[in-house]
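Handing you a structure now.
The first chain written gets the first letter, and so on, giving A, B, C and D; residue counts start at 1 in each chain.
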Amino acid sequence: MPDVQASADARRVAIDRVGVKDVTYPIRLQVPKSHGGGTQTTVATIAMYVSLPHYQKGTHMSRFLEVLNEHTGGSGAGSELTPISPKDIPTLTAAIRERLDAEEARFTAEFTYFINKPAPVTQSAGLMDYRVSFECVSVREGGRTGTTDDFIMGVTAPAASLCPCSKEISQYGAHNQRCLIGARVRCDTTGGKGPLWIECLAEIIEKAASCPVFAVLKRPDEKWVTEHAYENPKFVEDIIRDLAVALNAEPRITWYAISSENFESIHNHNAYAEIVRDKRA
Amino acid sequence: MPDVQASADARRVAIDRVGVKDVTYPIRLQVPKSHGGGTQTTVATIAMYVSLPHYQKGTHMSRFLEVLNEHTGGSGAGSELTPISPKDIPTLTAAIRERLDAEEARFTAEFTYFINKPAPVTQSAGLMDYRVSFECVSVREGGRTGTTDDFIMGVTAPAASLCPCSKEISQYGAHNQRCLIGARVRCDTTGGKGPLWIECLAEIIEKAASCPVFAVLKRPDEKWVTEHAYENPKFVEDIIRDLAVALNAEPRITWYAISSENFESIHNHNAYAEIVRDKRA
Amino acid sequence: MPDVQASADARRVAIDRVGVKDVTYPIRLQVPKSHGGGTQTTVATIAMYVSLPHYQKGTHMSRFLEVLNEHTGGSGAGSELTPISPKDIPTLTAAIRERLDAEEARFTAEFTYFINKPAPVTQSAGLMDYRVSFECVSVREGGRTGTTDDFIMGVTAPAASLCPCSKEISQYGAHNQRCLIGARVRCDTTGGKGPLWIECLAEIIEKAASCPVFAVLKRPDEKWVTEHAYENPKFVEDIIRDLAVALNAEPRITWYAISSENFESIHNHNAYAEIVRDKRA
Amino acid sequence: MPDVQASADARRVAIDRVGVKDVTYPIRLQVPKSHGGGTQTTVATIAMYVSLPHYQKGTHMSRFLEVLNEHTGGSGAGSELTPISPKDIPTLTAAIRERLDAEEARFTAEFTYFINKPAPVTQSAGLMDYRVSFECVSVREGGRTGTTDDFIMGVTAPAASLCPCSKEISQYGAHNQRCLIGARVRCDTTGGKGPLWIECLAEIIEKAASCPVFAVLKRPDEKWVTEHAYENPKFVEDIIRDLAVALNAEPRITWYAISSENFESIHNHNAYAEIVRDKRA
């Protein structure tokens, strides 16, 4: 059969990224021993792209899925799934780059991650869901022998924000609302610094809010979260700044992109803030 | 060219509904004089279905769009758009039924509708957006001469809810959040009762919340909405019941399906309640 | 602390359904031995509701989550998750009804389920993702001793549809597109009939399409699916009818609600058909 | 009342962007005479942000909405809406920057735009919907007197793609599917070059596909689009390259970011390609 993709192209237009997106796939995460060990299986939405030189007509889309299969479980969806750590993602991304014979490959996965988070007073058990992303770029350099990797981990946590202005000007009460706070970070874990796991980043994020949210709250807990939020009023600007201050103080983090979106309970639109900072610059 | 759709089918399976969905189309609403008159142009998501008898292979999909064109503006998208009132929807639905030669036709349109809603204290101008739906069924009865129509209008309004339990048990503050309150209603406007317009239903819905939301709020307004919500604590159950009581008292409404979804600021899940009631039953 | 929810209500409005929705939770499915055994862990979106009598002010929302925890894994998200079968869902739903002391409880869960589905010619390994739903209602009857359950399982499968009219009237080619075909079914598995598992329903659904879709297709596979679809042209009406005929022939199924939505490659809107049938009526 | 937002902040963290997002608002577009003149009213999703210096606690969120009101219609939603052209967007963005007293302001609006597009053979009337975006950044420079603007217009058009490999290797047929092709462009319209309107960009985009899509197609039209797509097989790579070649040839365009997402009819995932190019670099 003719290999149409491998034929020559005369338009002289290189393509930055080409590949597959919205691939729904199971992944099994290796939880570090410091956070209880074991594994957690979840469902990821995955994108995989490569750069395509101007002279090649097309990429071979099926190979992306083949590499994914090989690194995640050989197309089983149960206990045969291979446990994966963030450190495996550059390996997977480089394998895509090599199999597709490309200068550059990109891999991103987004998935739900659960953390056992007891209620603040009664300690009632409950699972909180976070959205986590792994993003990686692998680039071939210097005559096919050198490569560089870039890995970004992201965590988005739901939380509560309570408006300082509303509290200050009102006789009683203060408008508050659910917000989504996100942090994508690059880390340097050389020199004996251990890796930053999802739980660590989720914890840093939640401290920046007026109050964290929980899956199960009994009445003593509800009293606690109500009063805790009222005692910690924060604009969307305060949340993002407190998060920046915390990430500035974390030595493993070298770069971050953070945002908070507050689903205002007094409007039908949202308040939003974001900061991107390269600590090495 | 052969008309494949018109050929015979031997499977003996009648189809309840077949047609087109997710049609994006402009519509121009005639605003009644009682609400300021004029027109409002918006973008609707439309579905149109007919029933198909067991002996016919397929329906003619392009005819749905042709009927829609003829009733909304002849495929212009500017001032040539035909102003439409709720009373035109049964006419349009019957036209679909007739053009497709079907026993039954269904039409639904969902769109954003704007209401000029000044801030509660400063009267600052602002536009609030509501989601509105028109749903209609037209059925042929009794030897092709008789028909019956069924028309449902729906309005979904964003609002604020403040938790009575949180207020009661906490020393200060109370968790509150945005909620979406929806009402779909059937009306009887015979006997001199005028029609129920979108604004009327939106107003009834908003009164059932702890506080309405606004597009523009200056500080005196923010103080007002904060305190107003605190003075009107409501569970999702209270919102839905207060709305039911109000709709029970509105003589034009003969049937309703109502719901409230509260985006809890203390959880990452939502509280929800719904009631369906036929007042004539 | 006062129990505000338990206080009396004077509005005389009973609530059909009240509870929590959009709860994101991990579930671990027990795969039957007939389909390979083992378990599959996935992420579900869950809703849990009860009916509320007119005289009670509110329901106790945290109890829904407590019952969910107890039946799914005690808030662990790894290997401590309890394997669940469809037969456990009525037990869970009845537990919600009892814990909330309600006449009626409803439980619905939607999740992604993966099936290992080799490519049609090369047998290349690949995982296909399906959306599955479990819906259950538990009703208390006759002096608190009798109960009835209603359980519905749903599977939505992506597939391909190829237009018979386009094929018939064109000199070459035929427009085709991805479609989503869904079936929700009630089963009677008494009298020695074994249960209908997800794979069985997915297989029935896919046979109704012009061609199934796959995760990995090499060139010989792509040739096969292209030609297979061309040899099986189907309108959305044909898909839904062929699916109805297949479900009529499956003795375990007593009721079904089926639909197909075709994302037409020649329009920016979708073709859609649906049938609901109670085989016992 | 105290102005909490205006108070000092000691954290020494400047904020890149803070403001409001997901604002739903009506806008009325001035259609140029070259494209029929008149106006088209639609519903936009708007975001408005400013940069915030490290020493200021918060921005004044209500002012964003006030500026929007003043420039779009004074909070009327009917004929009182002010007709807007792309050239008004930098003015609006600069007004936000000035009212909020910021170094930088950003404005983005996304909306549906309709184009009357007759069927290719029968010329049957039909309206096609496109997603359009306006993005603008206004920066204060050099002692408050100089400013620079950056304006990007984007159009996303649905179309059809037909796979060259599938056509080449199969005895008959070829898989095809709906795709979404997007182009965001910066233009230089100095030196007598007229502006590039939405229709121009939509037309360029559609020519890059295997075939455009239409709202209404009768049988002679369906034959035409089927055969036209079959005669123009294109990978996602071909679509993006042909679009790049066309934008390279358009002298008004100085920069573009283009993408195509193909909803493969043989997979449950999508093929995707993108190119960003600065023609002045």
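To be clear about the criterion, a contact is a pair of C-beta atoms (placed from the backbone, for glycine too) under 8 Å apart; a residue touches a chain by one contact, two chains touch by 3 or more.
Keep in mind that this is a model prediction, so the values were computed, not measured.
The interface formed by B-C recurs in A-D: of the pairs listed in B-D, A-D or A-C, only this one shares over half of its residue-numbered contact pairs with it. Look at the CA centroids: the one farthest from the centroid of chain A belongs to B. We define each chain's centre as the mean of its Cα atoms; on that basis chain B and chain D are separated by 29 Å.
Distance from the chain A centre to the chain B centre is 37 Å, each centre being the mean of its Cα atoms. Residues of chain B found to touch two or more other chains are 1, 23-24, 129, 165, 169, 215, 217, 219, 223, 267-269. If touching chains are joined by edges, the resulting network of the protein chains shown connects every chain directly with every other. Those residues of chain A whose C-beta lies close enough to touch chain B in the complex are 128-129, 158, 160, 162-163, 165-166, 169-178, 211, 213-215, 217, 219, 222-223, 225-227, 229-230, 263-269.
Taken together, the chain D residues at the contact with chain A in this complex read 1-2, 4-5, 9, 11, 13-24, 47, 49, 52, 57-59, 61, 164-165, 168-169, 235-238, 240-242, 244-245, 261, 267-276.
Residue ranges on chain D touching chain B, taken from their complex, read 1, 3, 23-26, 31, 36, 38-43, 62, 65-66, 69, 74-79, 111-112, 114-116, 124-127, 129, 215-220, 223.
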